[in-house]
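Note that the chains take the letters A, B, C, D and E in the order they are written out, and that residue 1 is the start of every chain.
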Amino acid sequence: MAKIEICFDGNGKFVTVGFDELPELLRHEHAFVWLDVDANEPEELEGLRSQFGLHRIDVENALSHEQRPKISLYDDMLYLEFYGLRLVDDEIQADDIGIFVGEQFIITVRRDGNPSLKALQERWSEEQGRSNGSASESEGAPQRLGSTAGTPARKPSAPLLLYAILDDLVDDYFPVVDWLGEEIEDLEGAVTEGNAQKPQLAIQRMRTKLLHLRRLLSPQQEVVNSLLRRDVPVIDEAIIPYFADVYDHLLRIHDWMESYRDHLSTIVDLQLSIQSNRLNTTMRTLTAWSIILMASTLIAGIYGMNFVHMPELNWRFGYPAALLAMAGLGGGLHVMFRKRGWW
Amino acid sequence: MAKIEICFDGNGKFVTVGFDELPELLRHEHAFVWLDVDANEPEELEGLRSQFGLHRIDVENALSHEQRPKISLYDDMLYLEFYGLRLVDDEIQADDIGIFVGEQFIITVRRDGNPSLKALQERWSEEQGRSNGSASESEGAPQRLGSTAGTPARKPSAPLLLYAILDDLVDDYFPVVDWLGEEIEDLEGAVTEGNAQKPQLAIQRMRTKLLHLRRLLSPQQEVVNSLLRRDVPVIDEAIIPYFADVYDHLLRIHDWMESYRDHLSTIVDLQLSIQSNRLNTTMRTLTAWSIILMASTLIAGIYGMNFVHMPELNWRFGYPAALLAMAGLGGGLHVMFRKRGWW
Amino acid sequence: MAKIEICFDGNGKFVTVGFDELPELLRHEHAFVWLDVDANEPEELEGLRSQFGLHRIDVENALSHEQRPKISLYDDMLYLEFYGLRLVDDEIQADDIGIFVGEQFIITVRRDGNPSLKALQERWSEEQGRSNGSASESEGAPQRLGSTAGTPARKPSAPLLLYAILDDLVDDYFPVVDWLGEEIEDLEGAVTEGNAQKPQLAIQRMRTKLLHLRRLLSPQQEVVNSLLRRDVPVIDEAIIPYFADVYDHLLRIHDWMESYRDHLSTIVDLQLSIQSNRLNTTMRTLTAWSIILMASTLIAGIYGMNFVHMPELNWRFGYPAALLAMAGLGGGLHVMFRKRGWW
Amino acid sequence: MAKIEICFDGNGKFVTVGFDELPELLRHEHAFVWLDVDANEPEELEGLRSQFGLHRIDVENALSHEQRPKISLYDDMLYLEFYGLRLVDDEIQADDIGIFVGEQFIITVRRDGNPSLKALQERWSEEQGRSNGSASESEGAPQRLGSTAGTPARKPSAPLLLYAILDDLVDDYFPVVDWLGEEIEDLEGAVTEGNAQKPQLAIQRMRTKLLHLRRLLSPQQEVVNSLLRRDVPVIDEAIIPYFADVYDHLLRIHDWMESYRDHLSTIVDLQLSIQSNRLNTTMRTLTAWSIILMASTLIAGIYGMNFVHMPELNWRFGYPAALLAMAGLGGGLHVMFRKRGWW
Amino acid sequence: MAKIEICFDGNGKFVTVGFDELPELLRHEHAFVWLDVDANEPEELEGLRSQFGLHRIDVENALSHEQRPKISLYDDMLYLEFYGLRLVDDEIQADDIGIFVGEQFIITVRRDGNPSLKALQERWSEEQGRSNGSASESEGAPQRLGSTAGTPARKPSAPLLLYAILDDLVDDYFPVVDWLGEEIEDLEGAVTEGNAQKPQLAIQRMRTKLLHLRRLLSPQQEVVNSLLRRDVPVIDEAIIPYFADVYDHLLRIHDWMESYRDHLSTIVDLQLSIQSNRLNTTMRTLTAWSIILMASTLIAGIYGMNFVHMPELNWRFGYPAALLAMAGLGGGLHVMFRKRGWW
């Protein structure tokens, strides 16, 4: 069920109206609504389409899964596709959200389970209760939203609310990115100390995760950037520093992702080098012990020959001498290999 | 044989005419035709060349195989080369299609076997039947084509039909791309579990496939992008969001292809690492068993020596003691290797 | 010796004149000449320099070897450096050619052995003979050169001749590129089936070839592209689609080259992986047989010990039992290794 | 506690005032202050915010950790985030610093421990003492700051001070970058000579360090570049060469970092190749000695056989002959392996 | 000691003046000087600074070591930093040179040992001698400098002299680049034939050399390119083709360097593949000989057992039969391994 998150009647009041009263309300120049539509019930958005003049293609995109982050700019409206990220049981979940922004409205389109904007909605419902109680009080979070620096503007502004939504979504990326960074460092530690079970599979899983995330996030920079550069009619210039801040956050996340990717590929090299080193160690063990044991066996073999004339065989201490020779040879080789740093 | 797919007489009727009646028909300002030419019969397109003022170079390109996706823009016309993709027996087939777009006509040039536009053609022939039956009925697919949002325009518009064609072609890419993604995940699974026959050859085949596909698809973005940016005379601005949507689809496919490529190269690394790991395991098996067996053989060799004075040989339990020594040594080494994690 | 390939007197006749008559001839507004100069006889080009107002630097470049493809644009002239490619005994030969283009002349500068433009020259000499015989006949190849679509212009046009030359040169690239592609596929087959002699050397040779070719060809795109974009005075707009076609051919060749390069690097990975696989197989053979043989030898060694009290030695069937034990152990190990997929 | 580093009263005097006198002082057109705020005491900067009209978002960024280097440009002000680097116990420490620049003020925001600007501050306090003593003396370091070439301007200029700060910060990068270069060369030496303990871990640590540093530094070029290109109101054109010099220094550092990265990846290849070479050497040792020892053991085994009819066993010199055969075989193989370059 | 390389008094004479006469001389509109300053004696350049209005920052850069190639453009002057390259004992030496260019002067700043411009200076001193002897004579090298094509201008022009200097410096790059190419081909040959001592170290040294060179040269393209694009006041348009030629030379060198880099990385792959191949060969030798020798030893071991009931031991030809069995087994295995292509 679509919900009306904010409904401002243009006379300084937050009001509660039904869907059928919306057209009436929006006739007032300063009225403003934020509608939150569930993408699982497409007929709702269809219903709003003609009311707000949404483009057919955007509506189709908003309702379908797995779109690419994008922005469509119109004369009096814009449409954004963005992603919310969250960690669910150590898996990264991406929820897509479609955002229509007009002069008097913002429509967010989400699947039901998507909790991305919960905090923002709570801030707003609190604000509405309070502001209706006493319209003069204006500090804290809503202040941060509903006003540019210094001049407190009462009406919720569409671009500022858009900023609040994007900021909220992007702020949710940081814990995910931090978690990724820790996972990668754990992985590096496990590879370095060699106590990982099948490190190559863990590396592979992490690389796949990063690839997936990068495919989601990298087009978003472009989306926010076009809010800064182009003459976007809905967004007035005083608000651009806010979007520039969101853009900077996205760039920082992008820097981190690139950094993770490079880090992972150094871990791949490291793992390869450690494997190769381990093989070297194994082979040296094999070589050294083979030589020691085969040399000793050769001595034993020599005195196992059945020649009639082998004077040593009759020596009193021939046997211990042979044992000594073996031990001496083995010990000597042992020392030699140690000197050459083989173990 | 070239077919006339759509023929609209400008008076709200879809009509059926012969080729020789075309010039007559097109004298009417709102008339419109869609001709579908078989590239295997070049003389047909040659025949249309002077009629529609097609550029000689474009005609040559449309008739030849293996062109690069491209766009040529003229004052009153444009020429596109595009690809259709489909899966035939788990092989990706690419069919090139040349598209001439003018104010009053669209000419598509294809090889005969190419089924790319079948669905679109069926939609249209259905629409023609219906619309001639009752001209007032206008919903469903043709509606989606023949009208911008809200204002139902009767005449089939060249750019909207071009959009429908490109959309149709690009929509056919998604099953191919999804199939590729599944193949790659199967490949990853097979490599991970080590039960692939010659995984390196499967990887190689997949990489070659991706290279081939990338060479086909990557120039297409550029082609569609130039429909958005340049002041293309045939395309009026209201339709640009439609092409922007096709462009977004191409970008998404491009993102996926890049992602696949990176994924494949992580699989190459994984396969290398697994191979190297397997070598390590083999060598450790060799080393451990060589040492155990050679050490036991050495003991046997020692008691096989023929020294006259070897007191152990005369011991009552010399033989079982020697066997015990071998077993003990072997068991001890076994435990030691296990402790060092060698198996 | 420089040759006069085309000499058109401006009155609809191809004429034959000496070098000293050229100034006289060119005084006629519609006269046109194509001079083909041998770079091995620098004084000829020097002689033409003041006649046609060529830039000193360009003349120096045209005469020297191993220049980079480039373009110099002047108010009434342009200078291009381009490459012709051909296969000589399975080696790629690149011949550089300098082209001066003015309103009334084209001067091509080549080394003597360079056969690049032979076909074009033959087409022209044929055309001259015929056109002087009957000036009204105009079809076939010269038509393709000497006229824009539809309007047959008698005078050979400098930009159209330039197009013909570039098209001729670029058309010669395709057999070379196709040959390369086949060579690479042969190489891949040989690597895959493992029956190549020293595949790493063949790969290396092919990579070096590609590097060399890429260094020659990649600047050429830029050269042709600047013919499209800049307001080149010598080239009028109607002819730009022709150069756009040459540019598309160069892009296609570039795509192929990139594709080959990526393909080769997948072959390098494949070869590495096959080598590593082969090593694995070798090591498993070694390990399995070592264990089988050493275990059997150990049994033989045990019964070769000289203990006085070894009851088995006196058994009636001790010897065959020992042989059986060896065979049984060997067979058992053999089965075990086979089960683990070692051979 | 925020400190007032420079306070110039506009009448040619450096004065000492309290925070509450600042508004009064700044009413004078030529007055100028440099305030140095501790980011650990956020309420101080908050206090300055309305006084100087700082943007709320910038203040938030200046107070928080781990921002990305960035620049915000306003009509009468700019805000920069930059990094200072220093070596602490062979670890690279990065301290972020926020810089607000207006016509009459510079505010630097740092954590307390950050020593980056100490030298600059000392130069200034010295200068203030001296200049107040005798206003006519003007040479040395302050000269370098407080004046453009030739015309000694008494008032400290905001952009020149900004230049001095950035120059100071960037100058501190060079020792860090030089130290990194030396570390990398040491690493290369250790890898080359093979006497490094776990070189792969050292390489990994260095690569991680570089990744970290690159993430910090690469956005700074962009920041300084935008001081050069855009019409930054606070910065007048005569000073741009100074910032261009800072930009050049950043480019040089960037070149070095790229160079280090490439160098490290060649070291990775080198290390892999050396490891592979070492494995080769080990395996050749194993192979050669295995063959020599096994061949000798075979001879011993042959004469250890118990056949009744073995004439050699009864030879007078059978035993030494067998030993000689072993030695000869061993020596012969030794020579052969040496000839094939195996050791 | 700074030297006056060219001093032209504006009346068609090359004159010799002292430093103190320079201001007097330069008052003449057509006068021109080329000063060559030694960077080891900074006070000289300091002295010229106010005379010619050089920027303080540029002077600092010109005097310091290891600057990045750069260009600073002013209204009536420009400052360049460039590199000269030469081979000294098979090591590449880079000498930096600072160049100030004004309407009436060029100042080159170099360290004393730098021989880069010697040839140019000699050409000039010769020219001065000759031209003063007979002012009408004007051919050969100076002609190439002091005149645009066709119109002999007597006064040495600053941009043409700058061109001559840059051309001279860049011409010196080609022998260095050629030498590098030969070294790389030698390296490839040595790696291919496997007769290199420690090829991985040679590769590493070459890669480091290329990295170093690339860091020096790649910014120079940008420097020369900005001479072509921007409206550089000192450089008039007729001369731009000359600088375009220098730029082309730099691009060619850049192409070669990129090509070398790619070539080197194919050599790294080749070397790895050859190493891996060699390991394979070694292991096959080991495996084959181990199996042959161990199998023979097993036979010897069997007949060395001490069973009482071993009928073969008493056979008349038991011993030769056993030897034959060994030889047969060994020979059979040998043939089998040869068939499998193991040696």
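Note that in this section a residue touches a chain if its C-beta (ideal position, glycine included) is under 8 Å from a C-beta of that chain, and two chains touch if they have at least 3 such contacts.
This structure is a prediction, so every number in the text was calculated from the model and none was measured.
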| remark: Rounded to the nearest Å, the gap between Cα centres of chain A and chain B is 27
| query | Between chain A and chain C, what's the gap in Å when you average each chain's C-alpha atoms? | reply | 43
| remark: Where chain A touches two or more other chains simultaneously, the residues are 272, 276, 279, 283, 286, 290, 294, 297, 301, 304-306, 310
| request: Have a look at which chains touch which and call the overall pattern line, ring, star, complete or other. | output: ring
| task | Take chain A as the starting point, go toward chain D, and spell out the full loop of chains. | result | A, D, E, C, B
| task | Would you mind writing out the residues of chain B in touch with chain C in their complex? | result | 55-58, 61, 67-68, 70, 72, 200-201, 203-204, 207-208, 211-212, 214-215, 218-219, 268, 271-272, 275-276, 278-279, 282-283, 285-286, 289-290, 293-294, 296-297, 300-301, 303-306, 310, 312-319, 322-323, 326
| message | Could you list, by residue number, the parts of chain A that touch chain D in their complex? | response | 149-150, 188, 192, 241-242, 244-245, 248, 251-252, 255-256, 258-259, 262-263, 266-267, 269-270, 272-274, 276-277, 279-280, 283-284, 286-287, 290-291, 294-295, 297-298, 301-302, 304-310
